[in-house]
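Listed next: structures, encoded as structure tokens.
What follows is a pair of complexes built around chain A, which joins chain B in one and chain C in the other.
Then we have the complex of A and B:
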């Protein structure tokens, strides 16, 4: 089992998806721990999709966005898709101006949109 | 200085009655060391009429005619007035630029969940930044699903303008909205291909009608998916209920 210190954020399971509301400021160490925690939860729950809600996050720098892309790529190798929702306008503009590309990440407008996208992934995977 | 001398100098400066009166006030104000405010106002009027260089030249001319005329003090006052006028003009210009920017790029909610941005005029860095900020805030506040960008009114799209547009499109996509680009003129299309500007990350439509049709299709598709999700969740509960019955 994970020790308490390894839990960076609460992770909820909703209809086969993992819902991860990130309500802390992300720094390099925290995002690394989040990566480990997520991958373990994906393995344990065999989730088809992960929804990261970053509505409360005010800064996403290039390293954090790189680590999120990396996490999504790792999750993809485990058969799990990643949906990111809740990016605020100033963060979106900064990411675009930095030339950030979020690989293997699907972006949703809000949680509802994220659930719809996650559902479509599940259908697609089932169809294969 | 007596009145006759003042009149002679003023008559030598100009034939315009109003300007003669202004110059007379400048000379009297300069020598009386009072009415500083009046002097500034008079100099402002002269600079507005004649421009800084001519006013300066005429002040030096007066000094040549009359040795005790305090040319340095008057020139310093003229410089101060000129500086204030320039700052006021810059402020007005900034306001006009901002007003033009907002008028030139209306952001219209053209359909449920669909925004239309019609760009008009040249795009520079400052203006592109302003448009992007306004647009992103609008996308977020109305929860737009699709943004139609019409560049019919943009005269030329080079690599710099193309870069601004791509940054804006990427930022919109980070908010989870789709982007449909329309209004690329033949000569612009030719230039973009030659320059290697790549708009692959967005959907491109023939005209505004085509863009709107595609936008509506996107919103309809998502509505359908949302309905399917709801049915799926309900189905899940029914299945669980069935399993419970079996057990």
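Then we have the complex of A and C:
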């Protein structure tokens, strides 16, 4: 179990998914802790998908982008998909202008869409 | 001449700027980003531009921390032109310098293991003007500016 201080986000379990609202300023240390916390929770819960809600995140720079992609790649190796939802328009604009590509991450329009996507992965993985 | 310029910028009076953030620890990256955001909001930039400016400052501060270990982010309002005020961001360090500036401005190029290699080229895209002076063994200065759009 992680010590309480190392947990930077609340993680909720819904239908075999992990729902993660990110409501903190992602500095370099925090984004590293977020990665560790997510991987531990994925291992512990055997979640099929993790949904990151970044509605409250005001700045996503290249390092945060890199770490999110890296986390998603790690999760994928553990059999878990990563869906990102809620990217704010100014953040989307900035990322697009910088040419950031979030590899390994599936982007959803909103939380509802994220849940639909997470469900579709589950079906695909089951071979339905 | 060039060295003088770096010295003037690094050791120059802090009162020439509205914000001076010394970058020595990782946390300082977020501090610089946050302060830039506040100043940009004060100047009346749109939310999109505030985000661009904060992101650019984040990239510049991280480069200082990664490659030079320490340096300064200096930010000031540019209010001479009433119709289009602006913000100037200077990142200065006495780090190892950049041997090939064109190469580091190539998207995807990086010497850092965990990086997308789009930091500096990203800053150039996000800001209106971008100038970089660097000399190996002496340091690097990046000067960038963003003007507020007139409506």
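Note that the second predicted complex is superposed on the first by the 127 of 128 C-alpha atoms of A that agree within 3 Å, B and C clash if a C-alpha of one lies under 4 Å from a C-alpha of the other, contacts with A are read in each partner's own complex, and residues count from 1 in each chain.
The rule is simple: a residue touches a chain if its C-beta (ideal position, glycine included) is under 8 Å from a C-beta of that chain, and two chains touch if they have at least 3 such contacts.
Since the structure is predicted, the reported quantities are computational estimates derived from the model, not experimental observations.
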Clash or fit (per the criteria above) of chain B with chain C on chain A:
fit
A:87 in the overlay: touching chain B, chain C, both, or neither? Say first, second, both or neither.
first
Looking at A:29, would you say it contacts chain B, chain C, both, or neither? Reply first, second, both or neither.
second
Considering only the touch criterion stated at the top, classify A:13 as touching first (chain B), second (chain C), both, or neither.
neither
After lining up the shared chain so the two structures overlap, which partner does A:119 touch, if you call chain B first and chain C second: first, second, both or neither?
first
Could you give the angle made at the Cα centre of chain A by the lines to the Cα centres of chain B and chain C, to the nearest 10°?
50
Who does A:58 touch here: chain B (first), chain C (second), both, or neither?
second
Quick one: classify A:109 as touching chain B (first), chain C (second), both or neither.
first
Check whether A:97 is in contact with chain B, with chain C, with both or with neither, and answer first, second, both or neither.
both
Touch test for A:70: chain B only (first), chain C only (second), both, or neither?
second
Can you report the least C-alpha distance between chain B and chain C in the superposed arrangement, rounded to whole Å?
8
Need the overlap of the two footprints on chain A, from chain B and from chain C, as residue ranges.
88-91, 93, 97
Please name which positions on chain A make contact with chain B in the complex.
15, 85, 87-93, 95-97, 102, 107-110, 112-113, 115-116, 119-120, 123
Complex interface listing, chain B residues touching chain A
132-133, 136-137, 139-140, 143, 145, 167-177, 222, 225-226, 228-229, 232-233, 236
Chain C-facing residues of chain A, complex:
25, 27-29, 58-63, 65-67, 70, 88-91, 93-94, 97-100
Considering only the defined contacts, which chain C positions touch chain A in the complex?
26-27, 29-30, 33-34, 37, 47-48, 50-52, 54-55, 58-59, 62, 107, 114-116, 118-119, 121-122, 125-126
